[in-house]
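As C-alpha cells, the structure follows; a few thoughts come after it.
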Amino acid sequence: MPLSPDQLAEIDQHQQASAPTRRATVPALEAMLYRATPVLDHGFVRVIDYMGDDAAIVQAARVSYGKGTRKVSEDAGLIRYLMRHRHSTPFEMCEIKFHVKLPIFVARQWIRHRMANVNEYSARYSILDREFYIPEPEHLAAQSSSNRQGRGDVLEGEAASAVLDLLRDDAARCHDHYALMLGDDEQEVAGGNPGQRGYGLARELARMNLTLNTYTQWYWKSDLHNLLNFLSLRLDLHAQFEIRVYAEAMLDCVRAWVPTACAAFEDYRLGAFTLSSSMLGVVKRLLDGEPLEQKASGLSRREWDELMQALGRA
Amino acid sequence: MPLSPDQLAEIDQHQQASAPTRRATVPALEAMLYRATPVLDHGFVRVIDYMGDDAAIVQAARVSYGKGTRKVSEDAGLIRYLMRHRHSTPFEMCEIKFHVKLPIFVARQWIRHRMANVNEYSARYSILDREFYIPEPEHLAAQSSSNRQGRGDVLEGEAASAVLDLLRDDAARCHDHYALMLGDDEQEVAGGNPGQRGYGLARELARMNLTLNTYTQWYWKSDLHNLLNFLSLRLDLHAQFEIRVYAEAMLDCVRAWVPTACAAFEDYRLGAFTLSSSMLGVVKRLLDGEPLEQKASGLSRREWDELMQALGRA
Amino acid sequence: MPLSPDQLAEIDQHQQASAPTRRATVPALEAMLYRATPVLDHGFVRVIDYMGDDAAIVQAARVSYGKGTRKVSEDAGLIRYLMRHRHSTPFEMCEIKFHVKLPIFVARQWIRHRMANVNEYSARYSILDREFYIPEPEHLAAQSSSNRQGRGDVLEGEAASAVLDLLRDDAARCHDHYALMLGDDEQEVAGGNPGQRGYGLARELARMNLTLNTYTQWYWKSDLHNLLNFLSLRLDLHAQFEIRVYAEAMLDCVRAWVPTACAAFEDYRLGAFTLSSSMLGVVKRLLDGEPLEQKASGLSRREWDELMQALGRA
Amino acid sequence: MPLSPDQLAEIDQHQQASAPTRRATVPALEAMLYRATPVLDHGFVRVIDYMGDDAAIVQAARVSYGKGTRKVSEDAGLIRYLMRHRHSTPFEMCEIKFHVKLPIFVARQWIRHRMANVNEYSARYSILDREFYIPEPEHLAAQSSSNRQGRGDVLEGEAASAVLDLLRDDAARCHDHYALMLGDDEQEVAGGNPGQRGYGLARELARMNLTLNTYTQWYWKSDLHNLLNFLSLRLDLHAQFEIRVYAEAMLDCVRAWVPTACAAFEDYRLGAFTLSSSMLGVVKRLLDGEPLEQKASGLSRREWDELMQALGRA
C-alpha cells in the first residue's frame, strides 16, 4: 500500500469530520471520500471534494430556481438526451477533485488534457520519495509488431527478469545519486557510503537525475464533461495500460457520484462505435443482404477490420 | 423584488434541506446559499453551490494528505505569498456556481470571460419573461466628452424623461409583438387586442424582436482564480456600471466564502497599482526629491495623470 | 450586398498587395482572401489570415525538421488516421481568422464556442449601423409541434406579412430611437422630425434599445480542430438555420484551405453516425436476419427512429 | 550544435522556398524563419510559422475592413493603450508556432501553460535520441539557503566535478539500458557488449528508464497574448534558469515579429512593478517626506525588501 501510517492517520482524521451542508450531497461518494484506491505498485486515486450530482445536471439544463428535478424517469430521459446530442454544458456544472499519485511518464500523458486544474508536488521546492513504478511481470510486454505504439506478447524468462533488474537498478541508483547530490555537505548521506557527505546541489537541478518511472503526485480537478472526455480517451483499448488503470479507478468514482450520467456515458460513449459515412454505406449494403468483401467495400483494410470487429463479424 | 412567490417558495424549500457532508464547509456561505441578492431593477445573483474554502487553497499548494493547514497565520502568509507571486493554480482548486438574472447587453459583456461554465435559459426552447432593465434616473448618464466609451453627467429634466419613455415603450412594444408572433393561432393573445390571435412563429425566430435590455438568466460556474480575474476587470472604474453592480454582489459572496484569499485579492489586486518601467523611473526621481513635471517625465499626459492620481497628487 | 463602396475599395486595396513569404501558402485560399461571401441579408464571412496547410498537420504529427511530408497518399492516410482516432492536436497546428458580420442573436449562439479568439465591434465605443436581419419569406417558419426548439411549416399569407411587418417596424423604430437618444443635443437628428435634437445619452446605455436582429461584426480566430468542432455542431440539422448558413460559408473556406483534412472531416464526422452500445446490439441482430421491431429493440421510440433514419430504413 | 547535417539540409531546403502571399508579412521574422537558435547544450528554438503583425492588432481592435492602420504614432499609441489597460483580445489575433528541443524536466514546467497547442515527439511511437542536458559548470548551483525553490552559490572543485560525473554517467547508463531493452532480440545491440542482444520491450514501457534531463521536442503554438503571459512568468528572476533561456530566445523572435507590441510589453509588463494597496500607502508616505522604516510600514519584511529593491533603495 502506497501510504505511510502518518498519511493514513491524516486521511482518517479528515474522513471522520462531518458538518451539515445545504448543498447537493451524494452519500455513495461521501463514503469513498478521502480514501485512497491503490493503482499500480505505489500509486493511488482518491476523491478530495465534489460539487453537484445527477440532479444538478438537470437543474442547470432547466436553469431552475429550486432543485429543478421532476420524476426520476423524466430526469434520466433528459440526461440521456443531453448526452446523445452532445449538449455538454449541463455536465460542466458538476465538478470533482482528485488527489493522484502516479509515475512521471503517466503524468506526462495525463497533463495533455488541458481543461483541468492541477497542482503538482514541486520538485523545485520539495524532495521526491524513493518510489518507482516497476511493472508486474504480466504487464511487461514486447513491442507490438503490427502497431507502432502498442504492445505485443508478454516478455518471459530471462529477458523478463533482465528487464526488471535494469528498471529496478537504474531507478534506485539514480535516486540514490539524487539524494547524494541534494545531501547537506556537513552530514553523512543516509544510505550513502560510510562517511559520505552530500553536495548540496539545488533541488531544481538534482531532480533531473530521476528516471521517468519515479512517482509524483498532484491535485487534479475537472468538471464532469471534461472528465468524461478524459475517461473516454484513456479507457480506450489504444490507451497505455498504465494510464488506463487510473481511468478505471476514476470511472468507479463517477459511477458512485452521478449514476445516471455515468450509465448514459457508458451507453453513448464508452460502448459506442462511430460509423463513418463510408462505413454507414457498407452497413446499409450488408443489411440489404449484399454479400460484401473488403475489396469491394471502398474501405481500407484497417477500417474494414475495425468495422467487422465492432459488428462482431471479425 | 425580481422573484415570483412560486420561485421564492422553491428557493425556501431548497434552502431548508440539510445533509451531513465530509467535505470542506463554510458556514458563512451556507447561510447565503440559494438566497437571491437583488441587482438592478429585476436582476439577482445567488450562490447555488461551492467547493473548497481557504484551507483548500493551502491544501492544494502543499499537495497534502490531510487538511494540510497549519497555524492560521502560516496559512494566511502562504495565501498572500501565492497571490503576490501570481501562483494561480491553488486558487483554481476552489469552485463556485451562481444563478444570475441579468439584461442581455450585460450578458454579452460577461460571456467574454471564457474560462467559466455557463447554461443560459434558451429562448429557442422557452419564452422570455416581460422584464426589461430601465435605468434609475441617477444612472441615466450622457456620453462622456473625454472618454469614448465612458459616461459623463447625468441627464436631467425633459431629456431624462424622454429617454426613459423611449426605453420603456420600445421594450414593452417589442415584447408585446414577440408574444403576438409566438401566440397560438387558435387562442386570443393575452394582452392583445380583443379577438387577436397569434401567428405561431418559431421561438428561435420570434426572439429576434426583443430589445437588448430584456432579462435573461444563467447558471455560471467558475474557479476562484478565474472569478477573481473577472472581478478585477469588472470592478474596475472603467467597467460599465450595469455589470459592476453584479461584480460587487459577487465580491460579497467571495468575502464570506474565502475571507483570507479575498483580503489578499483586495490588497494585491483590487487596490493595487502597476507602475510601468517608465513610471517606476519617475517615482524614483520624485523620491530623490527632483521637482518633476509631466513634460520632462517621459510619460504621456494620460499616463502622468494616472500616476499622479494613484499617488494622491492629482 | 452588405458592403459600402468605401469598404469594397479598402478590401480591394488590401487584396492587391502581395509579398514573398517562406511560410506554407495555399493558392486556393489566397484567391479567396479578404473577399466577403454574403450570408443572410446583410451579413458576410471573409477570411483575413491563415496559418498552415494540410502538410502542416503532417509536419506537426511527425514533429519534423523540414516539411515532414512524404508521398501524397501517405500524408492523406496519416490525416485520415488522425481524424478517425481523434488525435486532435495536429489539427490545432493550423489557424484561420475570419471577419464576420452577423445578427446579434446569432452572435449569442456562436460565442458559446469558447475555444476561439474574438474581437467584437464595441457598441460602448462606436455606433451600430441601421441594419437588421429580416428573414426571407421561405425561412419564416412556425414553431415545430414535435420539437420544442425546432421549426415547422413555413408561415404564409397574412400571418407571414404581418410578422415581417412587425419585425421590420420594431427594429427600425428601435434603431431610430437609438439614434435619437445618442444624438447630439445641438444638432438636428438625421432622420428625426424637423428640428428634433438628440439627447446625448451614453453609447453604452443607448444600445440597450436595439433589437436582437441588429447586425454586429467581429474578428474570429480559431485553430482547425476547434473550427471543425464548431462546424460539426453548427452544420447539424438541429442547428438554427441562421447560424448554419454561416457554417456552410466557412466550410467552403476550409475545403479550399485544407482539402485532405476537410475530406476526412466530411467522412468521419459530418456524414458519420454514432451507434450507441444499445444501437450496436440492434444492428447486429438485424444483420443476423432477426425481424426486429422498436418495442423489442430496447431502444426508445426516438432512438429507434434516429437509427432507422440513419440506416435508410425509416 | 544540436542539429545533424541531414536536419540542417532539410531546414535549408525549407527556408529557400518562397511564394507570394496576400497575408500580413514581417520581413524581419521571415529572415529568422526555420533557423534554429541554440539553447542549452543540445536544445533549440525555431519559428515555424506566424500569423499577423503589429498592424493586425490594430486592425482587430478596430474591427476594420482594410488594414485598419493609420499613422504609425497613432497605431503605437493604441497598442500601448491596449497593453496598459489589459485589453487582451487584440493581441490574441497574432499567432506563432515554434519547434523546440528541450530537456524533459523543462518540458514539464512549460506544459503547465495550458493556453497553447502542442505536438510532442512520442516516445510510445519513436525512440528518443541519446542526448541529455548537463549544466555548464557556472550554472551548477547549490540550493539557496534563503529561498526553498531557488539557487545559491555555484558549486566548485571536487563537488562540482562529482555532480557532473553523476549526472553524465546516470543519464548515459539509463539511455544505454533503454536501447538494450528496446533492441531487437535478433540483432546485436549497438553500443552493447559484443554479442549482446536486445529484449524487444515495448517502447511505451522502455522510456520509463530515461532520466528527466533527456531531450524531447515539440511543436508549440500560441497566440501573442498567451505567449506574453508565458514570457512574463518565465523571464521572471524566480523562474528556473533552464527555462528562462528558452524564454529569452523567444523574446528575440517576438521583438522581430511585433516590435511595437513587444516594446509596450517590456515597458508595462517586464519592467513593471505592481504596488499592492499597502505598498502604495508606503510610497505616498515616502513621497510626503516621512522617514519610514519597515516596522512602522505595515509591510512584512519580505514585502518591504521587494519594494525597496524595486525603488532602488535596497
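By letter and in written order, the chains are A, B, C and D; residue numbering begins at 1 in each of them.
Simple rule for what comes next: a residue touches a chain if its C-beta (ideal position, glycine included) is under 8 Å from a C-beta of that chain, and two chains touch if they have at least 3 such contacts.
The structure presented is a predicted model; accordingly, all values stated were derived computationally and were not measured.
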Those chains that touch subunit B and also touch subunit A are C, D
Across the interface between the identical copies subunit B and subunit D, with over half of residue numbers shared counting as same and under half as different, the residues used are same
Subunit B to subunit C, mean C-alpha position gap in Å, rounds to 28
CA centroids of subunit A and subunit C: separation to the nearest Å works out as 35
Residues of subunit D that touch two or more other chains sit at 89, 112, 118
The subunit D residues in contact with subunit A across the complex are 103-105, 107-108, 111-112, 114-115, 118, 122, 124-125, 133, 135, 140-144, 148-152, 155, 159, 162-163, 166-167, 170-171, 173-174, 177, 180-182, 185, 199-205, 207-213, 240
The residues of subunit C that touch subunit A in their complex are 77, 84-86, 89, 112, 233, 238, 266-268, 270-280, 283-284, 286-287, 300, 303, 310-313
As the complex stands, subunit B meets subunit A at residues 3, 6-7, 10-11, 13-15, 17-25, 30, 33-34, 48-52, 56, 59-61, 63-67, 89-90, 92-93, 95, 97, 99, 117-121, 217-219, 221, 223
